[in-house]
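Chains here go by letter, A, B, C and D, matching the order in which they are written, and residues are numbered from 1 within each.
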């Protein structure tokens, strides 16, 4: 019962949605949209679960003075600041429990939640994202070594496209006569991106697409049930 | 599986950091190859007679500023240098501020240019395609007032401007829809007036086909690279050029490290071969 | 008969010469009866204004749209219900505002039971489903099914062994998307197999997740694996934990874990975005053996470049079949392979037809 | 006062920017602080976001404002509560009901979505006549597109050993995959460096005011 009913639910919903795709008639046509909205609400509740797990792990660390427990205080404090500000005075145009907090906004310029969002959260996010500029360089240095045909292709394609993207790349081959224009670096990089790269990406998409289709079907049929966990 | 002896990757990080930061501070101005599409835009402005009026539409928001803002700056600078009058419109709400910002930046260089005489900001109008189409019938009906609420009949610049026939060319700085595509379909295809524009690097593949023999678009500024080229043509190097310099230098650093890595690899391999022969 | 034809001919020539305009209302096909298509052509008149009106329940005609073009199609989807009849009226006005001409039309909105435009999709759905189910059943009846080597998976045993030897943990990341992505589920399935090995060797496992629904599922999966391995007491419920839903916040946290815990092996199996390279490079710097797998075409290059082993695209989904050798899974894989074979054949036929300028197949498949 | 908080905000931003960058050198207490602030703030952000952007507009408002039309929304609310049953070990199995609904929905939707956009549409997009229009460069490109897609798909064929003619075809497929990985890597470099440029423009412009707009 604990396992059968969920499997029946999955089967019914899955089959229903596939059939509904071909039936415009009510209520089938709008079914998937409605169910996806349900998913949104359920995940909204689920997020509480995650937060509780976060709180539990960190209070545990503090309570038992585990390694680096001081940092957990920072985690909890940041969490409560953000949630507190958000719930008390709202964010943007939404009001919180105490309305819009005009008095505070008059002092710091915007709502406290938005202040933290703009001045701390966004910078942290953008900086973390920008680490990629460094890692792309270190990964390229380490991995783009021409050991065999495959790694040579990887290496050459990367270098040609990178050169084509710079102003220098254009200048390097700008002396080429009109008849050899196709060897002009920006043109070469465009060629690689439009044809062989698209082909490779397409093959991956098709394979992965079939993989997803197969997994979906296995789940609907109840063959793949790892998501349900133990008995 | 032994990890080869390698340069500490923190040196790579440091070089990348400097390679990006320094060109932003010290303007290097690496030589830039002018591509055909940018040259076409430049010539469009060059061949526009002095005193004629053009329309520049700001169809983007702050998210696309790094790419499109320098284009707007150089284009307006070019127009002012050539004594071309400019009418600003915006198909995106935030576009109005973008235009204002560009005018404020250029003000110190062109103190003599007067609002209402040499340029005017008509503000934002919703409706996209429909609005663009209606401008072709009667501009003053669509924009009875400028962005500050003054009737546009008051301004000398608007005296002779009624529709696209009185406009030398239309230029759209576009980050999506409504934008350059809509302008092409109406101004170029329907009214047969010269149309040009600038777009982000990401949307370039979709817009480039309009630069064709029918001249649906007279040239196109696509992405940061084109913005840098235009800055070079106008002769005032700005953030696009330094951004592009930073890009080029960072790319070259990465490529040099790849080269070093490969040289090391080959050396080691040759050595191993020799050792084996012994 | 002939008379009727002559009459019709005359009628139509009068229509043509008398500057008639066309106005029709049709039910929109292949929908749930919530839209009407209005077609008009008033180019002979070149009116200044064209107004489309619809009768409301009280019998008054209300304007629903000013039409700006002389001819075209307009879809009225505003408050249209299946089974009801609607009356429309189109009026043409000249510059001064005088009515030049007017026409009306009536139509009943209908809902359809089958969307004919999706026939090609339906055929493909049936073929694929049938193939996969057929092979699953044939595998069940004991037929031996071959699966080629997936080199990305050879690392598993080695990684667990190495971690045990070094006394360091194993890190597993099931991607950064929620449970509504198949890659996450594929990742969790592999996690089940991995956790079983980990339980046998009694090594420490770390599974930080960034979605709470993944959290509860991952917990169940790991717990069950320990149970299956006969070592349920070794299961630590806190080995699976939530960090944050935020993409880069999560990465910041995981990076910290990698640097401090120095896992002997990292597994990144699931859906990844830009964080892929940040994770893989940090992991490399800590000296972990790294296995990655994703079906995100945009992130695969980074995993291929920065990790020791990579499951490319569909290999991620094939992995659980490969590891378990479960006939159901293998059968399904075989069905997918048939899908690929069909794909290759249909594509070849399509290209050949295109070369000979025959577009039937392409048009048929692009219908939906 | 507002000006002070504006300036303070920029300093905060600069501090956390450097805190994250410091990780590139090595793990250190400042990064640890930034990391924990990031985890805590973002978890809090998503919590608040969920309440204001999902629970209130998609559940609370429809039910309280127009119950008769939106009563059906009670079901996801109940399922959501079932999800929370996971907190109590004895009732935790109840959470399988909402999960199974989510997974069922996902499977049905994804099955069709991927069949349509990743299989059939990619197939029709590859059905081209390589020999018409354009220069010989374009013809070669289009041939590569068709051959690359076909051989790439062959590489993903699992139920046959990769040997003989079949193996060589799969090999060609791998070559195309490698080119596409290299090119995509090289192409992305530009976008990633732009991110760093953006960061440095903040540090050098907004914070230090060395460079103008």
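By our rule, a contact is a pair of C-beta atoms (placed from the backbone, for glycine too) under 8 Å apart; a residue touches a chain by one contact, two chains touch by 3 or more.
Being a predicted model, the structure only gives us computed values, none of them experimental.
The pair of chains sharing the greatest count of C-beta contacts is A-D. When you average the Cα atoms of each chain and compare centres, the chain farthest from chain C turns out to be B. Chain centres here are Cα averages; for chain B and chain C they lie 35 Å apart. Chain A and chain C have CA centres that are 15 Å apart. Inter-chain spacing, taken between the CA centroids of chain C and chain D, is 14 Å. Each chain gets a centre from the mean of its Cα atoms; for chain B and chain D, those two points are 28 Å apart. Across the assembly, chain B contributes 9, 13, 16-17, 20, 247, 250-251, 254 as residues in contact with two or more other chains.
Among the residues of chain C, those touching two or more other chains are numbered 121, 125, 128, 179-180, 182, 185, 213, 216-217, 243-246, 248-249, 252, 260, 297, 300, 302, 304-305, 312-314, 318, 333, 336, 339-340, 343.
Multi-chain contact residues of chain A, defined as those touching 2 or more other chains: 18, 21, 39, 42-43, 46-51, 54, 68, 124-125, 128-129, 131-134, 136, 138, 140, 142, 144, 154-155, 158-159, 162, 165, 201, 204-208, 210, 212-213, 215-217, 219, 227-229. If you sketch which chains touch which, every chain touches every other chain without exception.
Interface residues of chain D facing chain B in the complex, by the touch rule stated above, are 24-25, 189-190, 193-194, 196-198, 200-201, 204, 210-211, 213. Residues 133-134, 136-138, 140-142, 144-147, 155, 158-159, 162-163, 165-168, 170-171, 174, 186 of chain A touch chain B in their complex.
Chain D makes touch with chain C in their complex at residues 20, 23, 27, 31-32, 34-35, 38-43, 45-46, 83, 86, 92, 95, 99, 102-103, 105-107, 110-112, 115-116, 119-121, 123-124, 126-131, 146, 149-150, 153-154, 156-162, 177, 180-182, 184-185, 188. Chain C meets chain B in the complex at residues 68, 285. Contact residues of chain A toward chain D in the complex are 2-3, 5-7, 9-18, 21, 32, 34-52, 54, 68, 71-72, 74-83, 86-87, 90-91, 94, 106-109, 113, 115-134, 136, 140, 144, 149-151, 153-162, 165, 182, 189, 191-210, 212-213, 215-217, 219-220, 227-229.
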